[in-house]
Amino acid sequence: MNAVGQHVPRAVSVTGGAAVRVTRSRRSALWPGIAVVAIVVILGYLPYVVHSGTTTLLVQFFTLLTMASMWNLLAGYAGLVSVGQQAFIGLGSYFVLIGALHGLDPFTALPVAAIGCGVVGLPVWWLVSRLRSGYFAITTWVIASVCELIIIRYPSLGGGTGMLLSGFPDISQTLLNAYIYWTSLAVTVIVLAGVYLLLRSPLGLVLTALRDDETGARSVGAKVARAQRLVFIVAAAGCGAAGALLIISQPFVEPTAAFSVQWSAEMIFVTIIGGIGTIEGPILGTIVFFILQQTLSQDGTWYFIILGLVAMAVAIWAPRGLWGLIAERTGIRLFPVGYWLWPAGSTAGPRGLALLRGRGRGPGRSGAAGALALDDPGRAGPDDPRSGPGDAGPDDFPV
Amino acid sequence: MIWVNAVLQGVLLGGLYALFACGLSLMFGVMKVINLAHGDLAVVAAYTALGVVAVTHLPAVWSFVLVVPIFAALGYVVQRTLIQAALNRSVLTTLLVTFGLSVVIENSLLQFLSANSHSLNIGSLVSDSFSIGSQITIAYLDLAIFVIAVAVLLGLQHFLSATKHGRLIRAVADDREAAQLAGADYRHIFGIAAAIAFATVAFAGLAFGMYSSFDPTIGTDQLLLFAFEAVVIGGLGSLWGTLVGGIMLGVVQQVGAQVSSTDQILAGQLFFLLVLVIRPQGITSRRRTA
Amino acid sequence: MSETSALLEVRDLTVHHGQLRALHEVSLGVSAGEVYAMIGANGAGKSTLLRAIAGLDQPTSGSILLDGADVTRMRPERRVAAGIVMVPEGRRLFPSLTLEENLLVGSAYARPGPWNPGRVYELFDWMAQRRTQRAAQLSGGEQQAVAIGRALVANPRVLLLDELSLGLAPVVVRRIYSLLPDLLASGVTILLVEQDVSQALRVATRIHCLLEGRTTLEGPPGELTAGRIEDAYFGLAKPAGGPSGSAGGYA
């Protein structure tokens, strides 16, 4: 009892040795897995049965879901609140354009653009990695603005007025739309699978610990910095892919729109409302976004104002978001990345489990119920949370 | 002489940037909150002044008599409700909430007041100027804004260093818990600091509305970033650092504009990134060992 | 155990840090004019008790009464106005403020009473000339003196002193403890936490020993033998029922 109450050195030692079973999820992961595959297959078949208007909408859906999943990985797991991901969205679009101007087929240019954004992400990370919270946020924003201002300088890329993307394969518009749709579906599946596998990897444990207690996890060591760098680069590439999808589906790009902070607003709102720090959250949030947008689309920006207000309220009063509320009541996890501990001989993991579930709910943005895998960082952090190592200024405000 | 003129214009513009920056700096220094809605609040202040002028028929210059107190009160209320609630969660939550506030403000302005740009009509003052030599021309308005900015900074300096509440603000910034043990309700002190920050941003918004035209998106597109850049370039920790940062940003922008008229903003952003790489603690900051 | 006439009374106080129980049903009563000393090893819960009385840590259960009035749910800053003032562990001066400004912040919400910055300057004769120096530039002992001064100018009824001697040279500690009679004479009641037992025994009118969050011994120093204190301090005695329970029953 005391051992659980004070310290959990290793997941397995909680009940004192071998007499414990560790699983990835409370129920079998088989059925959700089959469901996910079925959904992907059905979605893949859609262009044969629905109008192109529907698939066009779904392309937007997948694009936003990709962005939101990337931002969720950044902010929800790595603790990096970026409001400058539009830098990579814009660059992803323009990389496709540059490729097309050099004779590259847009669909082939998409992965190139994503990788290109990942490469650009490296020096950007070097620049922003020393900054914490607010400094980090605004600096990413400045970098997005710099990217935009640099692109505008190139008339060959359309300057400030933008440019039409050409170089698509010579096929019918219907088939082209289907290709665009399948591409966006593929990008989304790859991104979600990538996030899922990343979080299940050893690095995922570091990220989950970071999500649950940043100060505590920091003290674990340099692994955190490596994990954050990887996440930043993955998110840069993912947002680049989303940007590539944008220009391919438009097919037009214009710097003000491509580098607009609106993209950050969308991915942030969607993630917060759906549930930050869970894979399911952005999916749910994107669905909410599109329902609201489609219902209120004739009323100008109202849907966005409402979305912003809801996101603010959720961030303050229900920081686990919609998915958090659902998972808390049902225990369902579509993408189990944590561990459940089952005391030996019991099928209904009773007291110990309840205790562990309780620990998952920190004051911050703890994830869905029950995932506890690492050492509990507990009160390991320094007393003064303001003394972040990279804080670019002294804490006081003397005169 | 063209370059001297550019530098001089930059210095004057820097006063305006410092005015934008001091509220941001104060809120970060005291509450560790970077208010991402800071730029939008300036725009709202400018729109509010338009409304005040329309209703009262006061000259635009006098609109601050109403707008600044309104914003001070607004600052106290927003801090005690929204920002404090976010702070109780985490510092990251304050970022999300102020970012949400920024987006909501901007889209509400677009929804209700359209994307058209406006400016505060101050009659002939906007174009009157005097010349030094043949190539240096200084607009009275620019000079007036610079003087007002310095006056506001001086007033703020005096308030923080020589009044009871200024002292309490610095105490809370140093050590919130120790201030509680001295009987100070830090939430109230935060409210006062936010009231001052909002009052300064109202001043800045009005000055900007007279200096240039404004539209709903300029708050996030430019003002927030300029204010933040001025804070970082100057270095947190002193109001004079903020003034120095604002002036350096203004000078770099004006010199950049002299090189190529389209590169004004880019020059400022790149200079900011350069400072961040070379001296992340800012130009004037001296790290104190506490 | 605690008389009803106590100025400060703590009843069955339990405090948790997360899941860790730092304090377990601790009760005590401090009468006006006393120097009440909490002793115990590192992590025994002494500082937690003081922080709870000052309002910085919320108790899970139990209550805190000042002069009969329940202050358990009162915010820390309101407790200052009610007369409970703490000198926190590690001094916690405002480093960027000057010495004088630190005292002025302490007196900003002061109750009426004998103490003010001028009187503190009389108590510590070196302070007046250095009033414009930043607190960060003072030595540890000087900072401790300013921290006491900052608490005094609020005119406390009960002064909570947390680990005054921490990190200070013995000669400085002795000088600071020599101030206690002056403070008592001005009508202040003192509840202090001290890790150095002999120091506590020298100044206290009552001793209260904690071990792993529980009371192991309580009473006036004159009635406690060194052996019993040692047992209570190191946990050789079984705490049985009451705070002044059967210490020494282990033999």
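So that you can tell them apart, the chains are marked A, B and C in the order they are listed, and the count of residues begins at 1 in each.
Here is the rule we go by: a residue touches a chain if its C-beta (ideal position, glycine included) is under 8 Å from a C-beta of that chain, and two chains touch if they have at least 3 such contacts.
Keep in mind it's a predicted model, so treat the numbers as computed, not measured.
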item	value
Identity of the chain that, by mean CA position, is farthest from chain B	C
Chain pair that, of all pairs, has the most C-beta pairs in contact	A-B
Intercentroid distance (Cα basis), chain C paired with chain A, Å	49
Rounded Å distance, chain B centre to chain C centre (Cα mean)	45
Averaged-CA centre spacing for the pair chain B and chain A, given as whole angstrom	32
Chain C residues counted as touching two or more neighbouring chains	95-96
Residues within chain A bordering two or more other chains	396-398
Interface hub residues of chain B, defined as touching at least two other chains	170, 173-174, 288, 290
Chain C partner contacts - residues on chain B that touch it in the complex	164, 167-168, 170-171, 173-175, 177-186, 288-290
List of chain B residues in touch with chain A within their complex	25-26, 28-30, 32-34, 36, 82, 85-86, 89-93, 95-97, 99-101, 103-104, 107-108, 110-111, 157, 160-161, 169-170, 173-174, 220-221, 224-225, 228-229, 232, 235-239, 262-263, 265-266, 269-270, 272-273, 276-277, 280-282, 285, 287-288, 290
Residues of chain C defined as touching chain B within the complex	54-56, 75-77, 80-81, 85-86, 88, 92-97, 101-102, 104-106, 108-110, 136, 150-151, 154
Contact footprint of chain B on chain A as seen in their complex	75, 79, 81, 83, 127, 130-131, 133-135, 137-139, 141-143, 145-146, 149-150, 152-153, 261, 264-265, 268-269, 272, 300-302, 304-305, 308-309, 311-312, 315-317, 319, 363-365, 385-386, 392-399
